[in-house]
Every structure is written in C-alpha cells, then in structure tokens.
C-alpha cells in the first residue's frame, strides 16, 4: 500500500489551512475553494485508504523523528479498522461543515481565518487518528485544543464567546496536564512512545502503576471528551458558530478522547479500578447531562448536553470493555449529531434566535425550514434510539456490552480477559444507560415539539426573543442557500442507514475487533420501551403545559390589556410553556444551570486561585516591593548625602583634596 | 669698586636723572613754541623764556595736593613714585662712555632695562584705578594695554641687536659695534624707537591721555607736585628711550672723535633723538585706539621679526 | 655682581644658624618681607592692594633669586611677573569691577577650613624640609645664573622642551584670543577701521556712516 | 648659605598660597594665590639647582619654563575669568557652582508612585 496516501490525509488540510490564511486577504475568491477542496480531498483519500486497507488488517510504519536519551520519538503511522472508520467520519463531517460554512458565514469578514482554522482542526484530528506514536498524537491533540480556542472565540466581540473560548481552553488544559504525565508514565514503563509497544507492554503486564496511569489518562480524556467533571466547557462552547459546534461535537474534538481510550483500551483493562471510575464518570455524565438537557432553553445547549450524554454512552461502553460498541456509537452519533447541529443552524438562521421558547412563539417555523424540520426529526429519532435508525443499533451495542459486563462476561474481543472488567462497572453503566434512554427520549420530544409544534402564543414574541450571538451570519430574509441544505440530507443518509452495518458480522465488526454488534433481544426491548415511554412522557407534559398556556393567554388580555402583555411577555409565557419545568419539578433550576458545577469549580478552583493570586500580589506589592522600595529609598538617601557634598564650590573640593594630601604625607612620613 | 665709588656713581646718576629731563622739558617748550609759533615760552625770565620751566615747577609746587574723596589714598599717592622710579633704575645701567663710564654695568643689561621699564606701567594703572574716576580707569586700562602690546616689538628689536653683538650687556654691545650696524639694524632701530614712543605714551601714541576723549586719562585727578612727577617721568622716559636707542642702534660713544670724548657723542645723539621725539609730537595727530593696536601687531612685530631673521642670517654669514 | 658683593662676603666660614653670613641675613630679611607681603596679599580685603602687595612679594623673590646667584632668572621674574603677570592681574581686577576700598566678601565661607589646611601644609612642609635639609649648605660660588651660562644650558640641553614650550605659548595665545572674543562680533558688519595714515583721520566718518 | 632658608621660605610661601587659593572668593585673587604657589616652587627649584651644581642646570631651566607657563596660565585664566564675568556678572568663585547638585530638599520620596501602586492593589 502506498504510504503517501495516508500521509497526505492530514497534510492536505494543514496545507490548505496555511494557503487559506496566506491568501485570505489578498485573494478572497480563493478562500472557499481552498477551504473545501483539501478537506474534501482528504475525505476521499481517507475513504480510499480505508478501502485499500480492507477489513481485519492493520498497517504500521514509522520514521524516527528525534533521537532522545530515553524513549525515541517517531513519526509513526498506524492504520486499522478504527482509524479508517473514524477518519472517513471526520472527512465526511469536515467536508459537510466546510461546505455549510461557506453559506453560513458568507458575510463574515473573518471567514478566511475561520476556514483555515477549521482545516487545521481537521488536519489535527486526522493526525490524532492516524498517529502511531503517543507524542505525535499529543501534538494533534493540543493543536485541536488551540483551534477550538480560536473557533469558539470566533465572535470575540461578545463577552460570551471570549469567556467560553477561554473556559474551553483552560478546562481542557486542566485535563491535559495529567494526560501528559500519563503519557510520560506510559512511555517510561513501556520504553517507547509507539502505541503498539505500549499496548504490548500493557498486555504483558509491564506497567508499574496501571491504575495511576489510567486515571491520569482519563483526566485528559474527560477534558477532551467533556466527561464529568470536566464537561462544563462544552455547553458554553455553543458561543462559537454552529458549524464549529457540529465539527467539535460530531467528529473531531470530543471524538478524540473516546478514540484514544479505544486505542489504549488494553491499558485500561489492566486496572479494574480505572474502569469503575470510568463507568461512574460515564453514568454521572449521562444522567446529569440528560437532566440538564431537559431544562435548557437554548437549542444549541440542549444539543450540547445531549452530546455530553452520548459521549457518556461511549465512555460507558469503554468501561464495559467493549470498544467496538463505543466506536460504533461514536460513528453513528457523529453522523446524527452533525446533522442535528447543522439543522439547528438552519433553524437558528431562520428564527434568528437560539431560544426554544422564542421559537415556540414563532408561527409556522416548520414551514419555513422544511429541510431542517425533517432532517432534525430523523436525527432526533436516531438520538432516542428507535429502530431502525443508526442510533438504535449503536445504543443497543452499548447496552449489550454493559449487560455482558454486568454478568461478568465482558465483550473484550480478545483485548483482555473478560474478568478484567468488574461487573459493578457493567451494572452502573447499564442502569444509567436505561435511565438516560428515558430522559433522552423525553428531552428530544420536548425539543421537537417546542420548536416546531407549539401554538403561537403571542404575535409579538419575535421582538423580545434573545438574539443569537451569530449576528453576522447569512441574511435571514432569504431562504437558506443550497450549501446549507444539502449537507443535511447527505448526513441524513448515514443517520438512517448506518446502523444496518452492524447487523452483518462481516461488515462493520470485521472492520473492528470482530465481535458481534447485533442487538440482543431483551436489552433492545427494554431500551426501545424506555425510549417510547420517555417520548410519550415528553409529549404528555407538552400537551399539559400547552393547554395551561392557552388558558393563561386567554386570561392575560382581560387582566392587563395588550401593553401589559407586551411588556410582560418575556417573563410570563416561558415558565408555563416549558414541559421540562413540569417534568423536572424542583430539579429544574439546578438542571438549568448544569447542577452548578460551574459554581463548584468557581469555589474549588477559581476562588482559591484568585485568593492565591491576591496573596502573591500582596507578597509582591507589600513585602517584596517594600524591600525594593527600601533599596531605592536607601540609595536615594545615600545619594542625597553624597549630593550634599557636591556643592559645586571648587574651593571646598580643593580644601578636602589638599587636606587629604597633607594627611597622607604625614602618614607616609610617620610610617616610614 | 669701593662703597664710596658706588655712592658717587649713584649720585651722578641721580644728578643726570634730575637735570636732563628738565633740559628736555625746556627744550620741548622752546621747540614746540618755535614750531607752532607760540609766544608764551618767550617771556618767562626775560631772556628767551629761560625761566619757563622754573616757573612751571614753582607753580606745581604751589598748587594744593588734592586727593579725591573716594580715591584709594595710599595707592593714589604712591602711583607717581612707581611711575618714576623704574626710569631712575634704568638710568643706572646706560653706558655713557667707554671704560666703565656707566652707573652700574649689569651682565644682562638690555634685559634688565626692558624688565624694569615694564614696571612703570604699574604706576599708570595704580593712578588710573585709585582715582575713582571712570576716565582715569579707562586711561589706566589703555596704558596697560598699550604697554603690553608694545613691549613685544621692543623686546624683539632689542634682541636683534643683542644677537648681533652676542651679548646682553649694554657696554658689551657698544664694544662690538661697527659702523655698518646702523644700516643693518635700521629697521630694528625704527621699531625700537617707535615702540619706545608708544611706551612713553607720547604723541602720536598718547591715547591713554587723549584729552578729547578721556580728559587726561590716568592723571586726570592729579594736581600739583604729583602731577609734576608724572610729567617728569615722561621726560625721563624720553631721555631713557633716546639713550637706549643711541646705545643699541646708533653706536653710543662711537664717533669721529677719540674715545675720551665718547660721552659727548652719546649725549649728542641722545638729544638729537629727544628732539625727534618732540618734533614728532607737534607733527603727527593722535592715532585711534584700534589703529594703535593694529599698528603694533600688524606692522611693528612683523618688522621686528624680519629684522631678527635678517640679523640671524647676516650673523651666521659673518661667523662662518 | 658688584651689588651682591656689596651685600657681604660669600665665603662659607661657619655653617651654623647662629652665625649667619651677610647674604643669609639679607636673604632672611627679604624673605620676611616676601612672606609679609604674601600674607597681606592673601588676607587683605582690598582687591587691588592684594595685587600690589603681590608685586612686592614677587619683587622680593626676584631679589632672593639674585641672592641665590640666579641673575637671569631674577630679571625674567621681574620682566614676566612684575611687568606682565601683575599688570594682567590688575587688568583683570579692573575689568571685573574691583571696588575701591574694602570688599566685605573678599574671603569665602570656608576660610577657617582653608586656614587649617594652610597651617597643616605649612607645618608638614616645614617639618619635612627642616628635617631633611638641616645640614645642607649651598656653596654660592661662580655665577651659574648669568645670561651666558643660562643661554648655554638652555640651548644646549633644553632645546626641545624650550621649543615645545613655544608651541604651548602659541596655543595659550590662541586660546586666550578665542576666549576673549565676544560672540556678537561676527554677527553685524563692523565699521571698516581706517588705515593708519599720518595727518588724515581716516575711518571716523566712514565708521559713522556704516 | 643654608639650604634650609630658601626651603623653609618656599614652604611657607606655598602654604600661604594654599590658604589664598582656598580662602579667597574673587577668582582673580585665587589666580594670584596660585602665582604665589608657583613662585614658591620656583624658589625651591633655584635653591636646589644652586645647591646641587647640576651640569644641566635642570632647576634653573625648569624655573624658566615654569615662569613661562605661569604667564600662559595667567593669560588663559584671566581670559576665562573675564568670560565668566561677562556672562554672569560676577567673579566670585563660590557663586560659580553650576556644576554642583542643588540639594535644598531632603531625599526625594516616591510617595506618589507607592500610593498609585497601593491604589492599584486595592482596585
């Protein structure tokens, strides 16, 4: 197999990024082709590489990068079914996002730098996927972090975007530091940074502190893949442009963490404690994020919490020892989540607001965006996990893996003994996944119904709707351009059909570890039942609040008249029309604010850091500076004393000089 | 040389000092009177106004000796003596005839003469400053500047003669004298004589006492006998300069008659030069101050240097 | 030399401070006069008097040189110091508007420090000199200071320093001229000074016109 | 003659000159005192020259040079004094203290800067 093809896959978008950035100001016409073509070419190349590699094979190539005293750094390439699958996904999503962006950010003056960053982001993800060396992987990992910082802060005019980008950067870095130490530990124990060397060492039990190493790596994964407790950056990252959200959530950044754990799963299998921690992490993430999603008003934040939850599913599958299921869900989730975000972008574009309650008061929204309406429905069904859409199959795979782990026969597919996975991890994941399936269906139904099927409560609603931060997106007066519509349908195809790949054992499983991905009967029935129940609960709640809202809407004009209705409109209808408030009850407030994890962070990290900074500042200003000023004042005093003697009177100088000469003479005369 | 001889010599010099300037003064009166057609000096004493100078002296002595109220009294009173005394000392060393016919032979005589004459300027300065009068101060300053300026060409011209003779001693120079030195050193003689006139502040170089500008310069406030001292110092000055020019450039005692009458030649030549000085006074108008300085620096000094060069060349030519 | 001879015999008969020779007596007397004049010079409050007392001190020193048989140097002392330096000093005093009478501020504030330093210097130097040359005797013999001798050593052994000194004098001359020039002289065209021509006052009228 | 006489005379003259240089206020008087010191040196040179009977007569030659130098010095010195007098209307040497550092106040305190920093710290 020609090595140039896989090498070109990450190199092309990187070159495209450089070219876009270089030509952005001077040749604006070149920007769009330069943004789309390299990424598209990479996607095609990734597909070609995947096809050439075929199933059940892997390829490793390496060239020494830098000789060091210890473990060597090498530019290593590793291709197998996982990387093929994910690289195709990345290529597909990135291409769609780039195409979509050409229309979405048509009038943005900073479009060239944005496109370049997206290309670079894609290149970094390709690098992470293809890398066979942990240090090179880390390079891609960090480049993604920086790109996400810039992309989330694309609208840096708004304080939200600035703080969100900073938060994303800092939180992911908070995970990256232990991650780096974990990589060094791995390299030190295995004697190499090559992944297959590390895996070999792990299976042979050469790791000296497997639990510690795994936990350190988990910190990085939690940061990158937005797992509890480092998930808080992801909902805030919605301040970035919607295509970026799609890119981050579907294919690149958050996928990187899951992909890394999948690659290094043998390492994690050496530590049962780490797996339990991972499972707890996944469970908390799933349930918590689902509850939060139920309470959110911002469309994109709902989707963001749903991403966090689905990532929890993947982490749960990994905790159950089945990386097949995780990657399966990753790919199917990548497809439908990208679709969800792009559709959401279209909706936001049309409604010109992010707020669900504002959309609810908008008449005939579904008529304005029929493409988004339908594709979003498809994607939501996939999210809920109803057959026969892809989400059903991939979620079933996760549940099956969790069930097997709970019964002590984890589907490790030869990566380690089934007993390596504690059954507690399986149980935790299984219960949490079931609960989450219920909640997911509920918030998906709420989202869908609120956005498209609410009866218009007040005609004036559009005026008070909170505007989207994306002020400079495409003109809302016109219909969505084709570049924003057809990526939706392109992505809808895998959303609907990808799950079928898991049915035949010679298709997708052959590409992966070879285990079965067929849904088991009882879990399928239970999960589907839970999903349907959740959807029905959501529907019921919606009907109930809609009826109450209609009653209230009749009362309001009688009491206060139109002017009062206008002024009170933003405050009154919202709490009534939201089924989430009815369902969550007292939990609604905390869930709306992400269970105050941010406040916890603020208390745990921000305030101590600020206090420490204050202390350092105090020490610097009052203690150190006192000495500095003291030396200054001392020098001043000394200089003042010396200055007193410099009167400019030559005779005084001469008196001292001659007197000193006399004294010297006497001394010499007496001394000799 | 015994103490008695020395005393005799000093007394003789003092006599010369007291008599000759008066003779020159009387001569000036008479000569000027004749030249300018004045009648005044013809009457005093009857016979051709012989007692004019005596009358002047009596008049000066009679007058009150006034010291201005704001003046520095002691300096004011001391100034005429300081102006007068150096000439007396100089007279000591001027040879009159051959064979020790001189007050006191000094080894570096020419040098001594010039050095001591330089002190005379102090008298004018003291007088000008102590009078507490702006015109007097200006006159004193003018005197100082003029004397400093003209001392240099004078020294250079004298150096030329000393070089020719190979000695600094005045009798020594005269012993070396040949008749052709007169044309050889004629430029030096001119420079020396003119510079001497300027040293004396005689017309046309009497800017320090220019009455049309600063009344009477440093001597404005002086009256009576002290003023007479200044006048006397001027006449002694004429005598000294004439005698020095005679000794240095005109051969001194050398003449057609035998050496025993050399003193006569010296006196004759000296008086002839004194007549020239008087003649110049009635002939030339006063220069302006800047013309005076210009004349010294741009005419006399180059001339003196040229003379010096000529002397050197001829001297080397003769000896080699 | 005859003047010196009149002052007393020169033979070094008794080398004792108690039986001084005539030259020594004259030297001491003149020395006392010099010191007195110098003291008055540095203490008097009348500025011009200080300069005049300086004349006395320097003249006394010339006599001391004569007594030390340095005749030529004595005359040089008279010519340069008395004839030129003091005149220049007086000139300077008058140009800087020295007042007649006592100046209350002739001495600066640190005169007591100056007195201390001066006394210390005097004490140290006198002690040192007396200690070192108590028994040394000058044999005042042949006239080593005559013009002839001076010329011989000056132009035989010291020609190069002599010439160098002439260059230095030239530099000092130029420096003094540069320092003395008024700055505004070059700015406006001065009236052209008339030529020196006897009998005709040239330049006065033209000077007024321009 | 005893060498001590001219030597002591020169020493005393020099000390008087030192006193004059240090105590006099008028610059011209200071220059005069310098002349006194120079003459003390001259006297020493001559006396030691006569005492040593040096064939080169270094003492007397140096004396001549010193006198010449003194003439040059006084010329330049007076030119400088006149220039100073012309520009400053004074010849008092202790009023020519332009090279001195005027130190009327106490040592400068940087109060404002410290206040500013503390204000920043509070903010």
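Per-chain residue numbering starts at 1, and chain names A, B, C and D are given in the order in which the chains are listed.
The definition used in the following text is that contacts are C-beta pairs under 8 Å (C-beta built on N, C-alpha and C of every residue); 3 or more make two chains touch, one makes a residue touch a chain.
What you see is a predicted model, and the numbers here were worked out from it, not measured in a lab.
Between the interfaces A-D and C-D, more contacting C-beta pairs are found at C-D. A simple rule picks the central chain: find each chain's mean C-alpha point, then take the one closest to the mean of all protein C-alpha atoms, which gives D.
Chain A and chain D have Cα centroids separated by 84 Å. The distance from the centre of chain C to the centre of chain D, each centre being the mean of the chain's C-alpha atoms, comes to 17 Å. Centre-to-centre separation of chain A and chain C, using mean CA positions: 100 Å. As a whole-number value, the distance joining the C-alpha centres of chain A and chain B reads 117 Å.
For chain D, residues touching at least two other chains, in rising order: 18, 21-23, 93-94.
Chain A has residues 649, 651, 655, 658 in contact with two or more other chains. Within chain C, residues 72, 76, 84, 88, 91, 95, 98, 108, 110, 113-114, 117, 121, 128 each touch two or more of the remaining chains.
Under the contact rule stated at the top, the pairs of chains that touch are A-C, A-D, B-C, C-D.
Residues of chain C that touch chain A in their complex: 108, 110, 113-114, 116-117, 120-121, 124, 128. If you check the complex, the residues on chain C that touch chain B are 1-3, 5-6, 46, 48-49, 52, 55, 71-72, 75-76, 78-79, 82-84, 86-88, 90-91, 94-95, 98, 100-101, 143, 146-148, 193-194, 196, 198-199, 201, 203-204. Taken in their complex, chain A has these residues touching chain C: 649, 651-652, 655, 658-659, 662, 665-666, 669. Chain B makes touch with chain C in their complex at residues 1, 3, 6, 70-72, 75, 104-105, 107-108, 111-112, 114-119, 121-122, 125-126, 129-130, 132, 137, 140-141, 144-145, 147-148, 151, 167-168, 204, 283-285, 287-288, 290-291, 294-295, 299. Chain A contributes residues 617-618, 621-622, 625, 629, 632-633, 636-637, 639-640, 643-644, 646-651, 654-655, 658 to its touches with chain D in the complex.
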